[in-house]
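There are structures below to look over.
Shared chain: chain A. Partners: chain B in the first complex, chain C in the second.
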Partner chain A sequence: MPTLTIDGIEVTVPDKTNLIEAAKMVGAEIPHYCYHPGLSVAGNCRMCLVEIEKAPKLAIGCFTPCQEGMVVHTSTEKVLQARKDVLEFLLINHPLDCPVCDQAGECWLQIYYMKHGQYESRMMEDKIKKHKKATAIGPTVTLDQERCILCARCVRFCDEISKTSELGIFNRGNHAELDVFPGKELNNKYSGNVVDICPVGALTDRDFRFQCRVWYLDTQDSICPGCSRGCNIQVHYNLDRPHHAEGRRVLRLKPRFNPEVNKYWICDEGRYGYKFIDDESRILMPQVMRNGGMEFVSWDEALKASAEKIKASIPEELGVLASPQLTNEELYLIRKLFVEELGATQVEFRVPPKEEGYSDDYLVKADKNPNTKGAEEIGLAVGSAEEILKAAAEKKLSALVIFVHNLVNSGLDDSLVKAALEGVETLIFIGSNFSDTSEKANVILPSATYAEKSGTFANSEGRVQRIHEAVPPLGESLPEWQILNELARALGLDWDYQGTEHIFAELAKDVPAFANLTYEILGDQGQTLGYVPPAEEEALVEHGELEAVRAT
Partner chain B sequence: MAVEFPPEVKREFDELVAKYEQTRAALLPVLHLAQREFGYISPEVEEYVAGLMELPPTKVHEVVTFYTLYHKTQPGKHVIRLCKTLSCHLLGAHTIKDHLCRKIGLENGHGTTPDGRFTLELVECLGACEFAPMMQVDERYYGPLTPEKIDEIIDGLTDEPVVENVDEG
Partner chain C sequence: MQPRVKLGLLQRTYIPEVLIGLIITARHFFVNLRNHTLRLMGSRSVQPGAVTIQYPEERRPLSPRLRSLHRLTKREDGAPRCVACLMCETVCPARCIYIVPKENPDPHIEKMPARFDIDLGRCVFCGFCVEACPEDAIRMDTGILQFSASSRKDMIYTMDQLLAHKPASSQ
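This part shows the complex of A and B:
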């Protein structure tokens, strides 16, 4: 644990901390391009030069480990001049692309140039022309070689994280170019991450390119619902520019750092899996079967119709298929309403997938649901989906409530599904998008997607993490927890849940695994099930001290 | 053409690799071996070498494209490297170049002749300023050059590459 002085502030840092990280701790920013905390250190861009007392020349902050007694200056005149010079070099062959460059607004050449730019250009030579401009180098990424500053972050990502080594820097000197091997593609399960770490506009996302200027984007923290890993993400959206991106509101997902879950990365399946949020298949209004056809109705009518059907069923005739796509708060209300209040016994959340999902030894999990663990803890695995469907097929159920699932394309036997969906008298579907299953329903209640509501998911390791509403529910759709609250009221119960935090507090009291957890404790990085708070007496001591301090 | 070392070259490869602690360290000599065997280093050759050495093909391509002494396309039967650095320049490398180009039938001053016999590269100092102006043909140095000397050298070439030996004429 060396102690050193940075810009006059003394700081003690863990062993092997480099100067860039140490400077962050005292609030000083050392500009850098090639350094990325999730990758090995390359030391090639020279942007991070700092002055160290008693050292003969400037040193790079990324590759210099902190040492006892070091005295470091991050913004002396010499350092500032060095940054200017490095930037001048980096820009020698850089095109004047900002107006047409997708990176503009989040480009580290632009950002650092504002502060450390030369401004008066001294370059008279012709620029070296590179080969690939706006060229797709794989299914997800577009390459623009003349914008590349050869920091090799993307190369190291493919060597060290995806372990696919598709990228290299070819030729040399000012002819050096970032590229794929001749005739090959950048194509791996994590390829989109190279766009995030490219500090400039050399690698851009084919999916997001030209959809929206980045300064029009708002962001909201969330959790990827793509699998049970529960990668931390940011939802980037725009509500004011319906003329962009065919009116889509959610425009891209970005990884959000969580050392316990996904570090700096997400997989491509998760990254590009957001399209259903603004898809044409969204269900926008409640619908009820009337005179042989589905009719749009108001929420009141739809809830009333649902409540009537549910009331008419005795507990044994009521089937419920909850979903591990739902939040803990919603699953808890499902249990409370259907199991505890109505006494249903045919309740389950697991529906086997058609085929085993892709998984690897890094992030991606085979279970494509974000909240299987939560559903298990809350206790919704009572029967089995197959048994429930058998009962429906044999006309032993009078009402079946299906949340989210599309049974038609699942691992369940096709003929059983068909017989069940047709055999049950009342099929209530609660979900966000139309499917072959919603087709068969006589009541459809439109629900919000994960980007349109708040709540929590528990990942496969039992880490409970929060999602937040980024965009409002589309059309008349509502979060499931709200639908359940309203349905309970329509059934004559005096439920009045005001928000998900309210539900979570009750859940934490009721379900042992969730004990002691609160939204505050979950924070933005989550907390594991079975959480034990700091020992009570410790808290008391602290409390006592606090009181003592207050008294003086 | 399937890219593969014949058995005796494969043996040479194994010997080369055995000299180094890490396989990867043998990459430069292995590429020279491959160039000798296949004439030039195409992406197919890179992939073959990468496979033998258990390296990603991109790493081999990085090395091949970094060094000018690896040919990326089929060179002529003879590779001529004419020095363009200071001593040779002062002693008339320019006139020598013009004459040489006319002699071998090369129009744009560098590259490979249409008959595929010669490749001309203009290179930096070859460390033989005492022969200035000088050139290297295949593995042999020639100098000091005059137009007459050029004619003599070119006319005297067979289809076989010239082997290493300094002509002090």
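This part shows the complex of A and C:
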């Protein structure tokens, strides 16, 4: 634990901390391009030069470990001049593409130029033209070699994180250029991350290309619902200028740092899995079957119709298929309403997928639902999906409530699903998008997607993490917890939930695994199930009971 | 609120005020009559008399820096110069510019507008779009000052209309 002085402030840092990270701790920013905390150190951009007392020359901050008694200056005249010179070198062959470059607005060349550059250009020669301008080098990424500053972050990412090594830097000096190896393309499960770590506009996202200028985007923290890993993400959306991107509101997802879950990365499956939010298949209005056809109705009418059907069926005739796509708050309300209040015995949330999902040993999990763990803890696994469908096929059910699931395209037997969906008297579908299952429904209640509601997901490791409402629910759709609240009221119950935090407080009291958790404790990085507050933890350690509590 | 001025009896009849108004009008008539007559007789020391321009048959010359209806400039091959960078849309304080970019078939140019609409019902003619344009693709030099439409929708000028406009100097 060396103690050193940075810009006159004394700081003690862990061993092997480099100067960039140490400077962050005292609030000083050392500009850098090639250094990325998630990758190995290359030290080739020379942007992070700092002055160290008693050292003969300026040293790079990224590759200089902190030493006891070091005295570092990050903004002396010498350092500022060095940054300016490095920036001038980097910009020698950089094209004036800023107005048409998708990176503009989040480009570190622009940001550092505004801070450290702004000089008269002394470059008299023509800029060197590189080979690939706006060329797709894979299904997700566009390469522009002229914009590249050769920091090699992407090369190191492909070598160290995705371990696929598609990218390399070819040729020398002025002619050095980033490219894929001959005959290869940048096509791996994590390829989208090279766009995030590229500090300039050399690697841009094909999916986001020309969709929107980044300064129109707003952001909201969320959790990727693509699998049970629960990667932390930021939802980038545009509500102000609907003529961009054909009116889609959510335009891209970016990873958000969480050392416990996904570090700096997300997989491509999750990154591009947001399209259903503004898809044409979204259900916008409640619908009820009348006179042999589906009719658009108001929420009041739809809830009344659903409540009548549910009321009419005795508990044994009521089937409920909840979904691990729902938040803990919603699953808790499902349990409370259908199991505790109505006494339904045919309740399940697991529906086997058609085929085993892709998984690897890094981020991607085979279970493509974000909240299986939460649903298990809340205790919704009463029966099995197959049993419920069998009962429906044998006309033993008078009402079946299906949340989100598309049974027709699942791992369940097709003929059984068909018989069940047709055999049940009333099929109530609550979901965000039309599917083959919703087509068979008698009542359709439109629900919000994860980007349109708040709540929590528990990932496969039991880490409970919050999602936030980024955009308002599309059309007349409502978050499931509101639908359940209203449905309970239509059933004559005295429910009045004002928000998800209200529900979560009750959930924490009721379900032992969620004990002690509050939204405040979850924060933006989440907290694991079975959380014990630090003060209590100390007491338990003293008595040697901590392990016993954790085990329960 | 200020208390209303209490009018006297004479003021309430309005007669003096009407007379004052008539005197001012008459004074303008006689001063102009005198100025016109003296100028006609060759005197250059008096001011020229006021004249009425018979608009729209007669028009005053426009200043070269006047900001009039927009036009989009073209490349040599007739394609729009615009590269759909959205600088004008970003800077526009009235938010009346709507651009949708698309891929340019020319590999040397990154993108071009698929749609470039200006809602002239909202435009405040500040000229910021012209200032912001890095490509000299939009100008406000058509000299067209009169344009009208019978619906708000028709006040939205599309890219084809804006490309068809000619600069005032060419007419």
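Following the convention adopted for this analysis, the second predicted complex is superposed on the first by the 534 of 552 C-alpha atoms of A that agree within 3 Å, B and C clash if a C-alpha of one lies under 4 Å from a C-alpha of the other, contacts with A are read in each partner's own complex, and residues count from 1 in each chain.
To be clear about the criterion, contacts are C-beta pairs under 8 Å (C-beta built on N, C-alpha and C of every residue); 3 or more make two chains touch, one makes a residue touch a chain.
Every value quoted in this text rests on a predicted model; they were computed, and no experiment measured them.
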Chain B versus chain C as contact partner of A:293, first or second or both or neither: neither
Partner chain(s) touched by A:182 [first = chain B, second = chain C, both, neither]: first
Touched partner set for A:167, first chain B, second chain C, both or neither: first
First (chain B), second (chain C), both or neither touched by A:56: neither
Chain B/chain C common contact set on chain A: none
Of all residues in chain A, those that touch chain B in their complex: 159, 165-172, 180-184
Residue numbers on chain A that touch chain C, as the complex places them: 97, 99-101, 133-134, 210, 213, 215-216, 241, 243-244
Chain B to chain A touching residues, read off their complex: 43, 46-47, 56-59, 61-62, 65-66
Contact footprint of chain A on chain C as seen in their complex: 83-87, 89-90, 98, 100-103, 107-108, 110-111, 115, 134-135
